[in-house]
Structure formats: structure tokens, C-alpha cells
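Input: a single structure, listed below in C-alpha cells.
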């Protein structure tokens, strides 16, 4: 089939689903709405598959299918077609998006079956899908930006889906506004690129930049990437703009799975992987990205340790994992970043859906302190969750192991990497293992701590099937990217398929000769660190449940700081938001009302004052008037006689 | 000595004769009827006959330049134009006078008589080609006005107004006369052409002439209410019966400014020795615009507000006068002045006309609050007043806009941009007070006991006609401008 | 003939309205305004978008002595603004169906006269004619605010009138100066704008008192007040808050455009050197306006005031774009004018619909409206997205191009202007959150102000579900919009997406003119095509 | 100090000086007296002073229009006096006083 | 010449004294009487300047008619000498006197500097001639003005009657 039609179908299907559900938004029929939405999503998935296979049949260098539907903006030198490209990166992305998306849609049917307005929910979900596809398919930065903002918008709508709760509505707004801060950076980055290189189309940019970079100053390029990175920090929840993501958990859990774990938040990573052939010419930007990613990974992981809300833990985990991806981007391991993006999509979606299943079973209870021992009530959920857990903490041969290990190795060995980066990454891995194990321990294992009136039950098949599929993917998803060192010893010598697939479209930094022994060693270190973390958590929360409290008490202020998320929200409130509001009020009341208006009033008052004076002068006395005349004559005369 | 004038001279002054004769008719009838007022309508018809006959007599003289009585009177474009304006104002003011509570019904005959003869005085002034005749005309209409104001049925302030006007007017006349005496002494004649031809020379050489010329102008500035000779205007305009105020504000100014234009045509302002006066005059204009607008700013009384605003308008028109005087493109200034005279006459007399219709008693002093809710009760009257006020503000498409446009054009062309800027500032201030009545009429709740509206059909018709005229000339100003252009073309 | 018809047909309509019986005024007005709109659509057939010159010229001497003509014509810059004006009139008629209950006749007369003056302003090619229409448009608006406005309407309408008048009178003096300049330089006096373009006005860089700079500022002041730009904007919130819904709509959607249109028609082409020299100032003020308007809008307790300040912010974008003096900025500026017309117009309509039902514009009185009025909410949110420039809505195209242009012209200003994108989202979404989300507010869940008790109802804050279902039974206030209102909003919503998705459909009509304007900025001439 | 001859040779200047002095007296009366009738007298004085200068100039130039002027001015002055006094009478009937300070109602 | 001078100065002093008295005496009647004397003095001046006709008119119209009018009115009012004859206000009084004095000063100054420029023609016509020429002028060049003057007098006559008949407004009717 013609790829244009496929792309069109791919895009239109969710849009039609959105239209269908959007127009009957009052409907309460979750099954109809969900089926339609899922079908739409699934059609897209099929299209994605078709496109993927079409792409696969092409020679590696020619693997891009572009179709431009119409010229969107044509002004001056700016010519933005409404064009979409499927290439190696976007093919992976659309597969993830539509694949995981379809599963999550399916999961949602069960999850939202008791909601008041399921149609609206599915409409939003389809709309999100559309926007996300636009984002990854866009063949120029502006179309990407369309999707970029569009997904933010859907995220806003979905986070605030239960808008009656002011906190949830506020969370939606926070998400959108924080994203907007990033978007502003994105815009500026785009402007710089456009005015430096005269185009916004990826293919042109990536072709042009390596050519001109030798002869021109790369300052604008670095600056552009830094600004684009601001955009990415917003969208992908990196320091300093990560604060919205934990709050975004206010939305329905499948939304968290789809948007805030699997797809949307990885848009930043996608963008940098997409631009990686140019990024490698901006090493300073890469350094900033790497360190921001590493710092985010560690900070979020430590916060995750202290959280009690199951979704919040997962949210911080997401932030942390996204930090990994940016670490990868920063050290030039673009393939690894994209790889981790994919595996993370599998296991994090899985865990979010699993948590959704738990929450669903627990009647909207999210506090892990009130759970425990759910293993026996929710066997399927538990089982799949375990798979996800193993994947995220990086136990071989689960998916997360390969991708995370790749990142850590690159952080260590890449010319852009350093031991410090590796150390932070490894430390994060330990923390990850700790808090994920803690989550498992508190939720599924141990004794149940919930009340008598709660009767957890396993979710319906529409919810468990996605869990199982994702569980499977969490296990095998990583096998497409087996590192060379590992591949060398495995039977059949599987090569790194994933990297091979991406190779033509990502940037490459010059590598030293791989040090096989070192790689093995580090792999061992990271796995053992993960094991250590997991064991420690297991010990703390199951063997000696009182230990955490003692530790917390002992650490005192440090613990409180971590538990309160380092007071970042408070810091923003105190030093950013409140001053902004206070300033605005001050501006309004003092500048607008008291200065500008007063100035105009002053003009009025001046006239009014003059009017009083005129009235005083006009005192009604005939002889005063005569005096004015006489004085007037005298003055005129004096002047005329004197000057004339 | 040979008598050098004939029938033609009498034909030329026929408008004045017609006015006088027809003014006497009702008076004679009254006397013959044993001092009994006759039907005011009949009186008015006689008066109309006089005024329209005068207009009819005036029409043939348009376009020609003639002198009469051995050059004592001159009939040129300016005088013909001013004559028409004055007669028009007289006719309208007569209509209002009949319908007004303060001039009717007692002694309406006398009022008509005085008013028509005031018109005679004004005509005399615009025709005059000799300072003596100017003075006589000026005194004639001044005296008529003093007495008419005093005849108002309003008890207290009209007498005060009359007396103030009288004292200050006499004072100004005396000053002017003093100036005339110096002019006479230095020129050796009071004959205007002789004066004008020697003005430039004498101004440069003779201080006494300078003094006289300035005093003469002071006298005119008094009549035109220019700062600092404006102080009488608010008090007198407020105290006078409204129809008379309308007459005063328009007719007197038309006559005075027409004569002023003649003086200015002498190019006196171009004499270097006279420049200080031109400078002072510019400052006076600025202050006039300011004091007029600022004074009107906080007036409660509508009449007083309009009085102050008429001071401001004098300031605007004087901008044109200066522009006409300083040489160069003086035509622009002159046409600006003439156009403004007619536009100002139409809108001012209309605005006062509406006011008088709203005055239920002779002593009503209408305030802005009294207009509340008028739009609901008398929509067309309110609309007429709105149009007139917008025209006074100078908003297109009204004739007031073009009046200002021509004046500012003249100022800009002549490099008097700062005067134009002050004119603009004044106009901005004026927006506030001109729109306050509109606000009251349309946007405020009606008063509980609304004042009776004096809906006499003739006044109503006149006011509507004037409002319509404001719009018509506002949209089609070119024909009027061509007339004005033709009228000043021969003089400048 | 077509253009004159467009200008003066509303006058005829006004006369017809004056004579119709009270009952049929509304439908008749709707019909007539639709007719007018249909007539304006004829422009699509008559207008040649590939030409940058002035088209459909009509020229009749008006005041030949001063070279003043009745001279109208259209080009790509005015084209859309005319359509916008005619497009909005039927919507306003329909939107005011129940909002205006008193003096219906006068209201519609005002509306038609206003429409005439606005279209005249956009079509006039003679400076004096332009000025006449520019000023004349004040009067109906003045009445609209003053007669049908809110509690402080008198203050607001006076402020509006005096402010605007103050600026434009200085412009009049400048126009006069230009007319005389044509006499000196071209031999004949002419007030026609294409002749003004031919003038070489002396300019000295770095000197404040040179002819071009002074005239430039005289024009710029008049238009800046109309726009309104930052330090002279305070009339706008007052006028908007007090104006009745239709007044606000017209004021925001069309009348503010007169100012920006004036910049494009007069200021840039006639004073190219001064405009270039002082562009930084106007860009700076534009940026200040963007941020300042947004900040102040953020803390407004009154919805309408919020929208009004958002107008200040949006018009700041337009100014930034215009004074970027490049094709992106100017195109974006023009587009943003249309966007602002549609989105802010729609916002005012929406606020008006709400106000009509509850008689409150205080944000604090609302909350949780999304539950009781979902369609209204959807419409509001769509318009909000347009207003905060979410891609694929019209707002994005305009803001993007403006920011692009602004960034090209000046990196610092462009960078700061981008902050407006953030703040825009903050104030609009915050308002949306407070109005539509959260617990039902005083006027939403309970009895409202309909008489008994007055103050809020039991519906406890924080218990989102407590008030559910209580709206339709007890309050008597049906806050959901009806079919008529949907008809009003539908075209706007459609346009929001149409303009966002296919901007070329719109920009192609203006492209030639805008390209011409930017490319020949220092020597701008317009062909007059007979 | 003017020379004796200038002082003794009485001419136009002397008459003008005298007229100016009387004129200023008239002015002062108008400006300063409170009784309206005396103010009227002041006006009369001013007019008479002007007449004097007219006649003086007329003698100097031999042009007779000065005489005409004076003739007219006298008539007008008489008329003015009549009007003024009539007004005074009207006022007196109302206030029983002719002091100028009663006329301060119209103001502001 | 000396006698001329003596006569002029004597008369001038006489005039100035009476004029001063007119404006300063507290009693208006006295003022009126001083005014009569001033008028008469002026008539003498006119005579001195060769304007015999005017001098006569001055005597008849002013010193006769007008002054009688003044005195009659004053009698009618039955006014007494005023306690304060001058308006209050030191500053304004000073300004008033100053401006009057300035005017006089300028008049004198310019007269002194300018009169010499005039060509004084000694060919003054004889008195009979003056009166005759006056008549001719009045009936030729100034005919219209003369008629207007007539109108003016008529108007004043009618107006004054009308003004004095006003009883003061509508309230007086009851």
C-alpha cells in the first residue's frame, strides 16, 4: 500500500476515534467508547506495522518514507509543509506508541467502565495518540512542535480529567504551564536553528549542519540545542522542570501509563535522538544534557525511595529513568537512549497499568502503607508486576538490563562520558532497585494492611491481557539490543539489531576500542548493585519492617528533605509562583491603577485644577474683569513697545 | 460739493433698510393699538419679512465688489458672506426669541425691534469702510444687546449680565475709540483703504499708530472674547436670555471677525515692528483656548459651559486669523476663518436653540443633570443636540470637523504648528464637557420630575434644520468652501 | 461600486431599522447583516490576490481644494479586516439577541453605523476620509458602551472617547502637514495615501526633532492608543468591562485593529526611516505589553477584565510583529489581528453568555462549571486554546510568526516575548481552572443571586460530588448554552481550526501585499489599479 | 526735562497729554469706583478724553472726519449714558442700591 | 504764544482738577456736578482748538442734556455720600492704577516721539467752512452712518423705555 495512505490512516484513525467519542461525550457507555477508541488505536498499530515492514524492505540508507500533504505555513523563507516521515526512529516510536497505546486503550475499557464520562476519556486518549503520532512523524521541527504542544494539551485534559477535584485540575494546569516553559525554550531553539540554517526540516538540517559546521561558528548550534533541551526538560520531566510529572499522577492511571511513562515524556529523548547527527557538533550542550540527566536520575530516585503513593513512586521512577535516557543522549549513546526509551515504555507502562489494576482493586486507594500482601488477591497483576520490577532494576535477561547497561557502559566509556557520570548512574541503579523492591514489598508481599471492608479482586481480562502482553515485552523487549560483548558469548551470537537498525539515522561519536573486560566488569558491578539495593529493600521492608523508621529518624533532616522532594515545589512556590502573583498584583494595583491611570487622572486633575483657578479668576466682579482688560492692554503695550 | 452717489448706493444698503423698516412695523402697530402686544406670530412674520427681504436684497450684491456713499461702505465677498451669516443668525434667533420664556410674551415687539436693529448694526460694521462707521455699527448692536439682555423676564442675573456687559463693553469701546483717535491722528483719516494702504509703513515708523492699531484690535478682541478680554463672556452669556445668547455668540462674532479680517488683510502682521504683537497674540490665543476649555470643564450650567466653549472657539478662529495675517498662504487662514464663522454659527446657535427649548421658566438655569433621560423623552431633540455638540467637538462627519481642519491646515501651512497643537489639546479637553450632556441624555436615568420641554414647532424645526445642516456641510463641505473661497478671494 | 456599497449599505440598514416595527428588528437586522456579509464575500471573486496594488478603486473628489477625495480601495492588508468586520456583525446581532433588552432599535442602529464606519476605515485610501471614518466609529461605540454598558459605563465610555480622540487629533495635524508636503513635493495637494507614500520626508537619525520623527510619533500615538499599546492601554480594560457583550466583541475584534491597521497602512510605509529607527521602542513596548498584559490579566478577579488585559497582551504581539519589520513579523501581525478578532471576540461572547445568566463576572463566583455546562465549557476551552496559541488553532500561526519575526529583528526582545507564551497559558488556564473546574461555585451549584439567601450553598468545597445533580433542580439557572448561542459560536470555532490548519487559505490573499510592504519598505509605493 | 519752548509752545502733544490724563482718570473711575453711576461717569470721561484727542488731531491734520467722529461719539456717548442710566434705574428698582458689589452672582 | 500757553495750562489744570474730583468725591451728585464742570472745560478746549461747532454741541448735549439726565437719576435714587467709594483690594487697586498709568505713559511716550513726524498743516479752514463741510460730509460720505446713528437713537429711546418698564419678571405679575 502506498505509504502516504498508510500514514494518513495512521493519523486519521485516532482522530476519527476522537471525533466519534468527542461528539457523544455525554454517553456513559464505556464499552462502546472504549471499543471504538481501541479499534482506532489498533488500526494505527496495524498501519505502523505495515509501515515498519515497508521500511524494512528498503535499503538501510533509503529508509525513509515521506509524504507531505499540504503546505502549512508559507511565509518568506519559511516553508513548513504538513509533512510526515517514517524512518528508523519514528518507525520504532510509532510502533511503541500505537502498540503500547492500543494495550492501554484496551486496559482502559475495564478501568474506566464505572466512570461518569468514559467517552470523553477515550476521546482525549485518541486525541493524544494523534498528537503523539504527529510529534514523532513530523518531518520538520514545527510539525513536531505541533504534536509537542498537542500532547501537552491532551496531558492537561487528561490529568484534569476528574476536574471536580481542585487539586487534580491544578495538577493539569501545572503540567501544561511547566510544559509551556519548556515549549518556550523549544521555540527559541527553533528560531535559532531557523535563522542560522534557514530551514526547520529535519532532513535539510541534518544534511546541512555537518556540512557547514566546519566552516562556521557552532555557538548558535550549541545555544539552539540548549534551548531545545529546555523544551525537553519540560516535556521529559528533567531538572528543573520535572515537578509536574509527579503531580500529573492525578490523572487516571492508564493515562499515567501511556502519557507519563511510555510515550509523551519520552518526546524529549526522541527529539534529541532525531537531531543527534547535529547534536554531536555541540559537545557543550551534550555535557549539559548528560549532567542534567544524571542529576535528574539520581534526585528522582532518591525521592522515590521516600514516597508512599504507589503512583508517585512510579512517577519518580519515570523521571529517574528519563534521566538515564538523557544521560545516554548526553554521552552520545543515542541508540542506547532510544533503546532504553523502548524498554522503559514496556516495563513502565506495565507497572503503571499494574498499579492501575491494584488501585482499581483497592477502590482508588493509592497509599502503599495501606496495601500489602496483594499477591494472593491479584496473581496476574503480581506476576506481571514482578516482570516489570525485574526489568527496571536491570536483572538480565529482562529488557531493562540491556538498555540500562548499555547506557552505563557508554557513560563510562564514551569520550563524552566520565567516571563520575557512570558512578551517578550506578548509584541510581542501586536506588532504583531499592525503591522498586520496596514498592513490591509494600504492595504485594508481606502482610495485608488494608481494612476489612476492602476486598481486592483480580481485574477483568480486558485489563489483564495488556498486562500480560506488556509483561512479555518486558522480558523479551531487550533482546533486540543485546550488547556485542554479551552477544559474543551467547549462542547464535545475536547482534545488536536495534543499533544496527538505527545506525544510519543517529549521530556517532568517535569511540575508543571497546574494552571488553571493563565492560564485563561494569556489567557485573551494576547488576550486583541492583541486587544489593533490592536485597536491602527486601530486608528493610519485609524482614525488619521497623528499620526504615529508625533509619529515617536517624537521618532526620536529610530524610525530611528527601521525603518532601527536596522542597522543590515549595521553593518554586515561594520564590517563583508567589512572587510572580505578588508582582502581578503589584503591577496591576500600583502601576496600572496607581501610576498609569493616575497619570491620566493627573491630566484630568490638572485640567480640573486649572478649571478651579479659572473659576477663581472669574470672580464675578465687573471691575476685576475690567482690570484684566486694562492689565492685558498694559502688558501687550509693554511688550509691543519694548520689543517693537 | 457734488453728490457722488445714487440709487445704486441705496440699493446696496437695502438690507439694512429693509431690516429697519420691518422692525418698525410691529412697533408702530403696537403703539397704535394702545401699547398692546399683538400676536407674537404676526410680529415674527413681519420680522421674517424684513430679514428675508434683507437676504433677498443682499443676494444680488454677491460676487461684485462695490463701494457706496463715496467709499464709506464697501460691498465685497467678505461683507456679503458675513451679511448672509448675520441675517441667518438673526432669523434663527428671532425664532428662538419668540419661543423662549424669557423673551416672550411681554415686550416681544421691542425685542424684535432691538434685535433687528442690532442686525442693522452688525451689517453696518461689516460693510463699513471707515472706522467711524465701524464704530457706529459696533455701538448700535452693542447698545441693542445691552438693552435686550436687560429686558429679559428673568429677574436677577439678566440685569447683572446686562450691566456687566454694558460697563465692560463701554470700557472696551472707549479703549478702541482711543486707538481710533491715534490712528486718525497718524493716518490723518479714518478711511479704511487709506489706513490699510499706509498701515505697513506707519507701523514700522510710528509708535503712536502702533499704539492705536493695537487698541483697535483690543476692541475687536473684546467683542470676540479673546483672553484677557474674555471675562465678560461667561457671565453675560449665562445671564442673557438664551435666544439672545445664541444671537450674541454668533452674530457679534461674525460681524467682528469679518471686520477683523479686513484689518488683517492689510498685511499688518507682516511688519517686523509688529511681530511682538503677533507673538503676544499667539500667546493670547493659546490662553484663550486653554481658559475657554478649562473654564467649561467643570461647569454645571450648560449655558455657561457653552459660553466658555465659545471663548475656546474664538481661540481656534484666531489661529486662522493669525495665519491669514502673516503673509504667505494667507488665503488659507482667511478661508479658514470665514468657514469657521459659518460653521461655528450653525452649531452654536443650534446648541443654544436646543437649550432654550429645554428651559421651562425664564430663570431656569439648565444644568447637565436636567438633561438626564432626554433621549427617552425627546429622541429627536436629543439627537439634534448630540449632533450639534459633536460638531462643536469637531468630530467628522460634521461641519465642525472641517472648520477645525481648515484652521489647523492654515496653521500648519503657515508654520504655526504649535498653535495647532494647542488647538488639539483644547479639543481634547473639550471632548469631556461636550460629551457630558450626551452622557446625561442617553446614558443616565431620567430625573424624577422632568422639566417641561418647550416644543414649539418653529424652534424645533430650526434646531432640526441646523443639526441637519451640520451634517450636510460636514459631508459636502466643498461647495461651502468654494463659496468661502470666492468671498475672501477679492479681499486677500 | 462594491466597496462603497460595503461601506454605506449598513447606513441604509440603520435607516431601515429606524423605521421597522420593534418586533421584527432583530430578525431583520440579522438578515441584513447576513446580506452584508454575503456581499463582502463577493470580494473573493473581485479581488486579485496576486497583485500588491490597490484594487476596486473608487475615487470621487470630495474636497478638491485640499486634494481630498472620496477614495476607497482594497489591498491584501485591508482585505481580511473588511471580511472580519462583516463576518462579526451577524454574530453580534445573534449574540445580542437576549443580552440587549432595552432600546433594541437604537442598538441596532448603532451597530450598523459602527459597521459602516469600521469598514470605511479599512477601505479609505484618503487620509482625511480615513480620519473621518476613524473618528466617526468612536461615536456609535461610545453610545454602545454608555447606553447599554455596566455600572461604571459613563466613566468607561468617557475615558475611551477622550483617550482615542486625544491621540487621533494629533494625527490630524500630522495628516495636514503631509498634505502640504505633497503640495511641495508632488506639485499638487493630495490627501491620498498612495501619494503620501511618494513623499521624501526629511529624517535625521539620532535627532529627536526632525520632521519625519515628529510626524511618525503623531501617527504612532494615535494608533498606539487605539491598539492599545502598553502605557496607553488603561482605557481598554475599563471600556471592555463596562461595554455590553456586543460592544466588547466589536471593540476587541475590529476596533483595536484600526490601530494596528493604521501602523501597516500609514506608519511603516510613510515614515520608513523613522519606523526603522524607532522600531526598537515599539518592539520594547510591544514586549512589555505582552508580559505586562499577561501578568495583570493573571490576577484579575473579573473575567472580562482578564480578557481585556489579555487583549493588551495579544495586541502587544501584533505590535512586536509589525515593528519586527520583516515578513514573518508583519505577516504574523496581520494574522494575529484576525486571530485576536476571532478568539477574543469569541471569549467576550462566551463571557457575555455566562453573564447574561448569572449577572456576575467574578471568577470567584464560579467553579465547577464544566459539570453543569459541558458544551459551554468545550467552547470556552477551545477558544482558550486558540487564545494561548496551541498549535493547529489560529492563534499559534500568528504568535509563531510574530515571535519568529521578533526574534529575527531583535534576539533579546524576541526572547522575552516568548515568555508571553508561558504567561498566556498561566492566566488563561488559571482562569479556566477556577471557573470550570473544582467544586461548584456560588453561582453554579446553588441558588445564585436569584433572590433568596443570596450566598453560596451547602455544596462543600472539596467535595466534588456533593453538588452533582443539584444544578438543574434547584438553582433555576440553566448555565448551558442554547442552540442560538451554539450557532453564534460555531462559526468562530470552525474558523479557529480552519485558520490554524490552513493558514495559507487566508494568507494567500494578503501575501502579495505583505511581501511588497516588507520588500520595498524604504521606498514603498502602491499601484492604483483602475 | 523738556525745554521751555516745548512747554510754552502749546501744540498737539499737550492736548494729547491732557486727553491721556483725563482718559486715565476715566479708566480709574471705571476700574475702582463702586457706585455704578460714577463708573458711568468714568466712561463719559474716557469718551470725552478721546474726543479731545480727536479734535486735537483734526486741528493738526485739517481732516474733518475727526469732527464727524466726535459728533458721532458724543451722540453715542449720550445714548450710552441713557442706556446706562436706564439700566441703573432697573437695578435700583430691584436692589435699592447701585453699588457694583451687588453684581457678583454670575461667577465661576 | 505765552498767553496761549497760560490759557491752555490754566484750563488744563482746571480740567484735571475737576476730572480728579469727579472720580474721587464720595457723593455721586457732587461727582456729577464736577463732571459738568469738566465737560464745560472740555468745551472750552474744543473752542480753543477751533472746533466751535463741536464745542457748542458739547455744551448742549453733554453739559446740558446728559448731565441733567445723570443728576435726575441720582436725585431719583436719593443717594448719600458713600462710606467707601472705592473697591477693596490693595493689590488690585495698585494694578489698576498702574495699568492706567502705563497706558497714559505709552500714549504720551509715543505721542512725544511720533507727533513730530506729522506734517502740521496750518491751512485750517475757517470756522464757517468747518461747520459747512461737516454738514456736507454728514450728508454724503457719512450719510449712512448718520442714518444709523439715527436708528441708534431711536433704538435707545425704545429700548430704554422698554427696559424701564420691565417690572422684573414673571413673579412680579402676581
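Labels A, B, C, D and E are assigned to the chains in the order they are written; within every chain, residues are numbered from 1.
We take it that contacts are C-beta pairs under 8 Å (C-beta built on N, C-alpha and C of every residue); 3 or more make two chains touch, one makes a residue touch a chain.
What you see is a predicted model, and the numbers here were worked out from it, not measured in a lab.
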Touching both chain C and chain E (chains): A, B
A-B or A-E - the one linked by more C-beta pairs in contact: A-B
Central chain (by mean CA position): C
Distance-maximising chain from chain E - centres being C-alpha averages: A
Rounded Å distance, chain D centre to chain E centre (Cα mean): 5
Distance from the mean Cα position of chain E to that of chain B, given in whole angstrom: 30
For chain B paired with chain C, centre-to-centre distance based on mean C-alpha positions, whole Å: 43
Contacts with two or more other chains, residues of chain E listed in rising order: 87, 96, 100, 103, 106-107, 109-111, 115, 118, 142, 145, 149, 152, 156, 159-160, 163, 166, 168
Where chain A touches two or more other chains at once, by residue number: 615, 618, 620-624, 626-627, 630-631, 633, 637, 641
Multi-chain contact residues (two or more partners), chain D: 12, 16, 23, 26-27, 30-32, 40, 56, 58, 60-61, 65, 68, 72, 76, 79, 83, 86-87, 90, 94, 100-101, 103, 105-108
Pairwise chain contacts, counting only pairs that touch as defined: A-B, A-C, A-D, A-E, B-C, B-D, B-E, D-E
Residues on chain E engaged by chain B in the complex (per definition of touch): 106-107, 109-111, 113-115, 117-118, 136, 140-145, 148-149, 151-152, 154-156, 158-160, 162-163, 165-166, 168-172
Interfacial residue positions of chain A with respect to chain D in the complex: 615, 618-623, 626-627, 630
Chain E residues within the chain D interface of the complex: 1-2, 4-5, 8-9, 12, 15-16, 19-20, 22-23, 28, 31-32, 35, 38-39, 42, 45-46, 49-51, 53-54, 57-58, 61-62, 65-66, 69-70, 73-74, 76-77, 79, 82, 84-87, 93, 96-97, 100-101, 103-104, 107-108, 111-112, 115, 118, 120-121, 123-125, 130, 133-134, 137-138, 142, 145, 149, 152-153, 156-157, 159-160, 163-164, 166, 168
Touch list for chain C against partner chain A, complex: 159, 163, 231, 233-234, 292, 295-296, 298-300, 326-328, 331-332, 368, 370-371, 374, 378, 385, 390-392, 396-397, 400-401, 403-404, 407-408, 414-415, 418-419, 421-422, 425-426, 429-430, 432-433, 436-439, 462, 464-465, 501-504, 507, 515
Footprint of chain B on chain C - complex, ascending: 61-66, 128, 131-133, 135-136, 138-139, 142-143, 146-147, 149, 153-154, 157-158, 161-162, 165-166, 169-170, 172-173, 176-177, 179-180
